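My questions will all concern the structure given below.
For reference, chains read A, B, C, D and E in written order, and residue numbers begin at 1 within each chain.
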Amino acid sequence: MSPETIPKLLQTLEFTKDLPPEQLEKLAELAFEVSFPEDFTIFRETDAGELLYLIKSGQIALYVSVPGKGRKTILTLGPGQLLGWSSLFPSSRKTASARTVTPTEAIAFNAAQLREAMDEDKDLGYAILWRVADVIASRLKATRLQLLDIFAPGREC
Amino acid sequence: MTTLKIDVPYMARVEGEGALNIIVENGEIKHLELNIFEPPRFFEAFLRGRSFMEAPDITARICGICPVAYQMSSAHALEKILDIQVSPEIRALRRLLYCAEWIESHALHIYLLHAPDFLGYESAIAMASDPELRPAVEMGLRMKKIGNQLLTIIGGREIHPLSPTVGGFYRAPTKKELQALRSELEWGLEASIKTVAWTATLDFPDFEPDYELVSLSHPDEYPMNEGRVISSKGLNIPVEEFEEHFLNEHVAHSNAVHVYHRDHGSYHTGPLARLNLNLDKLTPLAKKALEDSGHAFPSNNPFKSIVARAVEVVLAYEEAIRIIDQYVRPNPSRIEAIPKAGEGCHITEAPRGMLYHRYRLDDEGIIQACRIDAPTAQNLKRMEDDLWAFVPQILQLPHEEATLRCEQLVRNYDPCISCATHFLKLNIVER
Amino acid sequence: MPEFTPNIGAFVSIQKSDLQRVLEALKQAGFTLIGPTVDESAIVYGEIDGIDDLPIGWTDRQEPASYRIVRRQDEAFFGYTVGPHSWKKFLFPPKQRLFRVEKKNGSFQVVDEEEPAPRFAFIGVRGCELQAIHIQDRVFLGGPYQDPNYKARRQQVFVLAVNCTEPGGTCFCASLGTGPQVGSGFDIALTELDDTFIVEVGSEVGATMMRNVPWRPTSAFELQQAREALATAVKAMGRQLDTSDLPDLLYNNLEHERWNQVAARCLSCANCTMVCPTCFCNDVLEVSDLKGEQFERVRVWDSCFSIEFSHVHGGNIRPHTRARYRQWLTHKFASWIDQFGILGCVGCGRCITWCPVGIDVTEEIDAIRGEV
Amino acid sequence: MKRKIKPDVKSKPKLAVFKFTSCDGCQLSLLDAEDLLLDIADAVEIAYFVEARDRRLPGPYDVTLVEGSVSTPEHIEQIREIREESKFLIAIGACATAGGIQALRNWRNVDEFINIVYAHPEYIDTLETSTPISEFVRVDFELRGCPISKYQLLDVITALLIGRQPRTPTYSVCIECKRRGTPCVMVSRGIACLGPVTQAGCNAICPSVNRGCFGCYGPMEAPNTDSLGQRLEALGLAPAEIVRLYRNFSGYAEAFRLASDAYEEKIA
Amino acid sequence: MLNTITTATGPTPDAGPMRTHPARIIAIKEEAYAIATYEIEFEDPALKEAYQFKAGQFNMLYLPGIGEAPISMSSDPATPQVIGHTIRYAGNLTRAISRLQVGDVIGVRGPYGSAWPLEQIEGDDLCIVTGGIGLAPLRPVIYHVLRHRERYGRVFLLYGARTPDDMLYEDEFESWKQQGIQLYLTVDRADPSWRGHVGVVPMLFYLLRLDPKKTTVLTCGPEIMIHFVIYEAMARRIPKERIYVSMERNMKCGVGICGHCQFGPHFVCKEGPVFPYAAIEPFFGVEDF
């Protein structure tokens, strides 16, 4: 895959598709492609985290290890979705481990470089932060819904 | 065989919880007790501080089988304090209500609780599985149902009726409502006459203790709601003197207090006593049914209580029909009670015998003290005395049968243990 | 006595005691007379035999949570307002078997009722009450499915209506236009004057029932008296309700603080829905014998104030009184219009009088409107 | 005299009836189902019912009815054993579901009570309190009332025989009262009535005989005792009267207990 | 008002719309834990012949001695002689049904309620979003779409269950996929062997590229799930007129005269259970409404 394809890719991914061309270009400069085989651990819970990923294809499971109960998958991510948002925040640690379910291709960013770019170009920073916030918000909503255990058996007529 | 140990840890077919323990060694009774372990409920204690208007409702809860008796004794006792004279119409309706309770309670006892003893069944339900006896059980159930229906029409429901109160009834039924039951009552009257004949054919052990029989006596009628206390040994006192003559004691093996006559000791109250002492007040058909039974009364054979009870059912049906035919709906249905301080007592004839209530009120009508002597408490000492006298007679019987005979002897009294466990020793603690 | 019956639409006058003749005619025609009668503490609707059973000389005093019957100075036949009962208990009984089910050869069979519907003549239906019957007509007969039980009773009811000249302390029919004058749909409508009834004939059957009644044409003076009595009644009504913009007012205030306040008072006891002449909610119970061979489907009055009413799997939709009161009030005054094209309230005031704690719907709506 | 006990041929559900501290009235309701008593005896095996029969079959029991409140130390042991033996345990009546009228002791000193009633208090072994069955074991269903309604009891037994979860209404007495057409006694006569906070099931008998409900079926679902209490005061009831009204046959049930306690504080 | 005097005896009301009809169980298929599909047919041949239903409608099922409950049809509306109901054993009636066997009889009346607007949405991309047993009333839609595949654009089925074991109709998934349904499955709680998605159903939207101009959303499941589905759909600019929701309320009579299933101005048994979201928006999400 050649570097020229990255801007095109960014145009199609849900996370980045509405960004203006110049911002896409800046991002493309920072981005590099990665691929992972099946059952590959991308990062672990409590890792500091240096990279963020936009998933191009494949499926990734986020899991936490519960002492005595083993790994509990809490969420899976697929094409278009952001993986490793916490890397963007320097003091943050990974809240879950990520492991590929299927062979996965993604576009990766170095978090430090991305932060730097966002600081330099406030418009870009603003746009990215909005998107990240949205992702976090949607994860939060989904987590709440999951907590409700809405399919648990109840009384019926 | 002269050694016998009878141990009935939990008496069946009686209301409430009691046990029977008898030990006979070498022909001598070493130990005999009717152990009442029904836990106490302290009615006399928590009635203190309640309004007089609540007494009929609360005391009714002493017994689910004869709540009307409690309502009647308490209402009459309180009316004496409050100077309430009920109208003749209310008086008649109260007698009708009592008839209903006698029918219901007696039919229950005759067919469901007592008859199995005579016929060798463990229950009426087992009796009903015998095709020959099923019609009798069904008849008994229907007789009982009619009593309950009458209770429901007058009192709103069969157990713990709601309408009877101090001064009369919250609501008096219409004549139409009562008449709706008339044909059933006529059926019941017929059935009750058959019942007397049926009970007369039962097998009665030969046993006639020297009883003091005690009951109410009324100049004009078979006693229910009013009368003087008389006995077969010449007692004749107004109810106000009851506590002078009848004392109670608390024994170790019983949560029920024993009531006894201060001079003569144990005594017998209930249908047998009532019938023996009021033969001249029987209604015509009841009198005839008794005559036709071929059993001579007065009789001191406690096993013949079942006959006495059956005769009283005839009487209750007869009286019910008469009262309904002459019924005038009381208006007002109750005399308004104005609270005032005072003390009063009363006795009415519960199905199981005399039920004594005494209350003391303050000027707001709040109960300050009360005493309740239930019929079963009055009979408990007599039951034990009966057993003392009876046991030597059955020592030769197989153990199982001897046990049953003893139980049957207790059941002659239709004991209501729930009733018997709430007594106030009068001369005790006044707060 | 004229030989002919009055025409439909005619106003004629009769002696008050001759109302008995109308009632006799109805009985002869096979109607069971249902009318007001004095029970121990209220004027209730029940089977009556003739005018002697009517609450002649009685009236009632009503205010929130209070109702008392009292003697009148005069001997008016219909000198009361409305009591605890409404006519709905005769058309839509509080408890009614719909049909039976019998198990048979490994299957079962529905057994229809064999009792013909009773034939009622309602004596003394007020304008608000007639409107309530029309409203229940829409509920039970107006949709794609008709209720056969209601229909069988309803289609043979004779309505003897009475113009209301005795509005009560909790009434507000004038605000809703459902009274005090009766609208359409009666067989006979009476207006009570001191010595006479003015009779308006509303149907052929109504006319027939006048066959044996001595009547004379109503005078202009009498008509004037009747008009004045009705005008006075409008003014004497104890309550008013501003109905403007009602559905939106309520729909737009589903989170109004007032719902919390009323919920603190409301007992959720359901009295309002039970006495309401239009409330129709019902439940069907399954009743079975011990052997499991015979079954009955029994319909009973239900209420949106019970928690079970809005049960769905996993819980109840309206667990708190606030939600249940809101449901009732918005149904009655807003969504009823969406559902049946008509307001669910007729202004009879029963829900105000018979609420044990005197919650007043007119006051609640005013509060939400911001006028308290 | 031989005892004739007919063995039950087919296997029928076993019914047991146990009694704790009570007046026997609720179990009597079973005998008061006169028309159906023999049908019940046909449909179930009455394995334990001391009031009606001598025979006592051992558990386990399919359906157990428990009457009465827990008021002695032995009761606690007994009810646990009964629970072990019971598949479906139903507490019947105000005593078993709320402690009964004898729970009035729970507000007082029991020693004092014993002294009032008995000459020899040392003979009496009783607990400080009279409490519902559910205080000690899991209860599968509760039938309220003082006494219970035999119709509800039959309905519950029928439901269990058919295989339906028994259900009894939890709404107010008012609904039943209005269904039977009784004009409200509180509104039309000013009589204090607990109907609006009491659970239905009795068919609203009290108002039908011109008196107010005194709450023997215990609190309805989410009762608003505060609001009713205010109304009762407006009707002229003194706080002491309100205490007595709530503190009745089901007075120890939580909502009524709290309501009566609140008014008692007002007096103090 | 009477027009004429009717006969003195008067009419006898029959069971009317509440009449239930015996229907025999001809097959029972276990779908998941405590969930099975019952195929039934009316005993009365004429009724069996005449009966028709639309996708999304429900019947009132009845058992003597137990009672009635509304249950959606889950079978193919093109073959209405055999009616399928997928039932979760959770309440009185459904638990009693769980004790029935093939050959037993239950009572049926219906069909009731509104249907998914299958004709109206022809030509659209369909996004079917459902969770738990909510798939049952949407299975008839899938059957219809498969029968008339050419009439619809892309079809996405987003389906969530509590665990992999709780998935309904798994044996049909392959065939659905082969016929052009894009199937996205997810579970709330996964065991290690599950290779599919984990997370709540609305999260599956992130995997799709929907065309808001031609996508119609059909959703059924717990009300709270529907909330999030609507949120995600609207976030993707799908107009509320093209979001269809199947609502649950306490349907007791099924014919709009018992009052239990009211939802604001609507009777869910009559105007529902399927509503365009636009029709219920003002009331959807009002607490305890």
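Simple rule for what comes next: a contact is a pair of C-beta atoms (placed from the backbone, for glycine too) under 8 Å apart; a residue touches a chain by one contact, two chains touch by 3 or more.
The structure displayed is predicted, hence computed values, not measured ones.
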**Asked** If you walk touching chains, what's the least steps from chain B to chain E?
**Response** 2
**Message:** Starting from the defined contact criterion, work out which chains touch chain D and chain E both, please.
**Reply:** C
**Asked** When you take the mean of every protein CA atom shown, which chain's own CA mean is nearest to it?
**Response** D
**Request:** Go through A-E and C-D and name the pair with more C-beta contacts between its chains.
**Result:** C-D
**Request:** Find the geometric centre of each of chain B and chain C from their Cα atoms only, then give the gap between the two centres in Å, rounded to an integer.
**Result:** 51
**Prompt:** How many Å are there between the centre of chain B and the centre of chain D, using C-alpha atoms for each centre?
**Reply:** 24
**Prompt:** So, what's the distance in Å between the C-alpha centres of chain C and chain A?
**Reply:** 65
**Request:** Return the distance between the CA-based centres of chain A and chain B, expressed in whole Å.
**Result:** 85
**Complete:** Expected list for chain B, residues touching two or more other chains, is 171
**Item:** Interface hub residues of chain E, defined as touching at least two other chains
**Value:** 65-67, 90-92, 222, 250
**Request:** Provide the list of chain C residues touching at least two other chains, using ranges where the numbers run on.
**Result:** 40, 286, 288, 292, 311, 313-314, 319-320
**Message:** Residue numbers of chain C touching chain D in their complex, please.
**Reply:** 39-42, 44, 65-69, 83-85, 89, 94-95, 264-271, 274-275, 286-292, 300-301, 303, 305-308, 319-321, 353-354, 356-358
**Prompt:** Can you list the residues on chain E that touch chain D in the complex?
**Reply:** 65-67, 92, 95-96, 99
**Complex contact set, residues of chain D against chain E** = 158, 162-165, 167
**Message:** Can you tell me which positions in chain E touch chain A when the two form their complex?
**Reply:** 34, 67, 69-70, 88, 90-94, 131-132, 160-162, 166, 186, 188, 190, 192, 194-200, 202-203, 206-207, 209, 221-222, 224-225, 228, 231, 250
**Message:** Per the contact definition, I'd like the list of chain E residues that touch chain C in the complex.
**Reply:** 1-6, 8-22, 24, 43, 64-68, 90-91, 103-105, 107, 222, 248-250, 252-253, 255-260, 262, 264-267, 270, 282-283, 286-289
